[in-house]
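One chain, subunit A, links the two complexes that follow: it is found with subunit B in the first and with subunit C in the second.
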Partner chain A sequence: MNTFHLTEDQQDCLQELINVAMGQASDQLARYLDTFVYLKVPSIESVNADELTKTLAEQQNTVAVVSQGFFGHEGIRGEALLIYQDEDSERIADLLGYEPDELSKDEQLIDISSILTTTFLNVFASQIDNQMSYNAPKLLPSVQKSISQHLQQMTFSWDMALKVNINYQVTDYSFNCNMILLIPETAMANIKAVIDRILEEF
Partner chain B sequence: MSPTVLICDDSNMARKQVLRSLPESWRDNIQTATNGAEALKILRDSVIDILFLDLTMPGIDGVGVLQGMQKLKIEANVFVISADVQPEMQNKVLALGAKAFLRKPVKADVLTAQLEQHGLL
Partner chain C sequence: MPNDNTDLTIKTDDLVAGLMITEEMAKQISDQVANQINTGVIVLNANFNIVRWNRFLEVHGGKLSASALGHSIFDVFAELPERWLTRKLSAVLQLNTPSFCSWEQRHHLFELPHTRPITTDSQFMAQNCTFLPIEIDGAVDHICILIEDVTDVCHYQGQLQKTLDELALMSRIDGLTQIYNRRHWQDSLEQEYAKARRHNKALTLIMFDLDHFKLLNDTYGHQGGDKVLIDVSKNVKSLLRVGDVFGRYGGEEFAIVLPETNEKGAMDLAERICQTLAKTPLNFQDKLINISVSLGVSSLNVNDSNYEDLIANADLALYQAKAQGRNQVCLSADNTEEQLQA
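Here is the complex of A and B:
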């Protein structure tokens, strides 16, 4: 059976771990933006490598991708991609009240992405008795071409990715951002083992 | 006599987390709901002493349930158990009549302490 196939119970457990992680990531975002963030139930799905590369390359209006690697114990590792559309990146700049002589828009996008990624993964990891460390986040340049190159140049091989669709509504504004976690099969096998352990306790 | 309890959460695991934190002797009087609409229906149709309520749910969410209860003048001891830990949200649900806000994932001792504090255990 495919490592990425989850039973109904495993899916429910993973969803709840992600909800908790998402809640705290949003709280951090709200503090950073000094506003309130409306939360929706994030949707999760797994996608294979070919499909993902193709979808990302076809998204003409994708303006920015921030990529950050993460490492935990027990072989849990991966790469988190935060993907923003054109209009969303503009809204973020509005929200932050960007002044030309302060941080550049790119730097702000990297900041926000890193807050979301590291808070999300720290909380996720603590729930599965793990601990993460991170690479520096990087903004991929000239999107269309660089995404597929970036995906091919990962230091680990991955066949599937866990896609968490997050929608943040920030009072009058709303912006969407997709968080995609690229996870190698071995890491997914570990996560599943931990999920099974959690489920056994019930 | 054990109190009547309703646990409302879209996650099966989260419902079980609450369920196993409650005294064995309460088991026969515990109902569950997987969304806000279901919870409101149960609250209308039966007397519920204690409601454990999630916030982020599809359809009618936890805030919607609290607002619905106010409108329908349904009273219960509501404990919100949520992953949405923003202070503004905590204040909002307390203003809407919730007894307490508990962070997910909720631990058995935290939940028990809250029930004791409000004289429900």
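Here is the complex of A and C:
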């Protein structure tokens, strides 16, 4: 059996943790953005390295990928990839409350990515009595060829990815993105230990 | 629980043995470290007034602490984009999340001098800035700004990019004549062919060859021959439009792709090239060299199944021009037949 394989209980628990984190994060975002944010229940699937590389390579209309590393106590760490499609990124400056000429398109994408990643992971971390630190977010250069290249050149070898599909619906704006959390095998074992602890306490 | 600080009560024995330190000692250490590190540290309150900063800012900013502490960061650093930064800082406080600003998007926020003014060309220090929420007694109402000097990184990245651009250019350019080389020219033709087919647009091709080039080489030496190739390239280039793709096909043979140009346009241009070159003697070591070229023109027609057909047709027309006495233009037989049928 794979080390990263989750039991049904573990999977349910993780889904619940993520749902709650998403809910709280979107609540904070709504207050910050000063507008209603509707959130669908995030779909979560765990995928292995090969599958993910394949699916990402097939996505033709990906226009931007922003990557941000995160690390917390108990060896919980990984890298978040935020993936944007062609039509997702038109009104981000507006959504963030900036004038369009105040910041470049790249900066808008980096900014919103960092906000989504850190808001979500902060809440997620607090639920498992942890605390996260973050690397500066980076826009990957020339997306078309680079996702799979980037995945191969990462600082850790990863075996599993948690694919979290976030779909925010913001009144008057249309905004969509895919968040993918890449987690190294050792970190996955640590997350499982945390989940097991929560399940026991429950 | 992982976050609970384990027993940090200081034991007197450990103190005496130098194994543990007092809070006062820890504070002194923190202060010294903060003042020695090569990173700027500014702490703001919720109104964005500077409440603390380290020596880095005093030294690099050339500002006295007395004139900065207690003042709005926007007064102390008038160069900051106030509206944008206010929004960014508000996010840090409100969401309790860190925020970042990289030199790749904004070269610098603070106008600080840097340590390599001679060897780099940027006036101000390139910076990576981090904005961290600071929690004091359970309330997030302070922000710490970290300013890292990345002028070196920025400089070397710039050099690397310049080198990559030069390499990319070199791989497309013919060293002698500075026009496109065969490979890049052919790639362009392939693309233009696909575009013309897809959008049903005209596409024409001119190939030309210097007349009696071997004789030129024998008379003036290879340097003379090279000079002819260089000057001919330059003269022809001055007759072309922006979208035309001009390359050296090989030896003394040249080729021009003319996107969205019909046969008549291509024939006119070919005639102009032919006449201009024939009446423009070239200068080599105080001698005037008279030259001429023969040209073949082909245009995309229904029979062509790939871009190589265009080349083959233009080449045949070029041989015909040679056979008919040189210094002239011929249209591909394929195209003339088509005209007759029409």
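Heads up, the rule we're going with is that the second predicted complex is superposed on the first by the 185 of 202 C-alpha atoms of A that agree within 3 Å, B and C clash if a C-alpha of one lies under 4 Å from a C-alpha of the other, contacts with A are read in each partner's own complex, and residues count from 1 in each chain.
We take it that a residue touches a chain if its C-beta (ideal position, glycine included) is under 8 Å from a C-beta of that chain, and two chains touch if they have at least 3 such contacts.
The structure displayed is predicted, hence computed values, not measured ones.
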| item | value |
| --- | --- |
| Contacts of A:9 with subunit B and subunit C, given as first, second, both or neither | first |
| Which of subunit B and subunit C A:26 touches, first, second, both or neither | first |
| First, second, both or neither for A:41, with subunit B first and subunit C second | first |
| Dominant contact partner of subunit A by residue count, subunit C or subunit B | C |
| First (subunit B), second (subunit C), both or neither touched by A:137 | second |
| Contact footprint of subunit B on subunit A as seen in their complex | 9, 12-13, 15-16, 19-24, 26-27, 30, 36-37, 39-41, 127, 198-199, 202 |
| Subunit A to subunit C touching residues, read off their complex | 28-29, 31-32, 73-74, 96-99, 102-104, 106-107, 110-111, 114-115, 118-119, 122, 129-131, 133-134, 136-139 |
| Subunit C residues touching subunit A - in the complex, by the definition given at the top | 1-3, 81, 83-84, 87-88, 90-91, 94-100, 102, 104-106, 128, 130 |
| Subunit A contact footprint on subunit B (complex, rising order) | 10-14, 16-17, 20, 55-58, 82-86, 88-89, 104-105 |
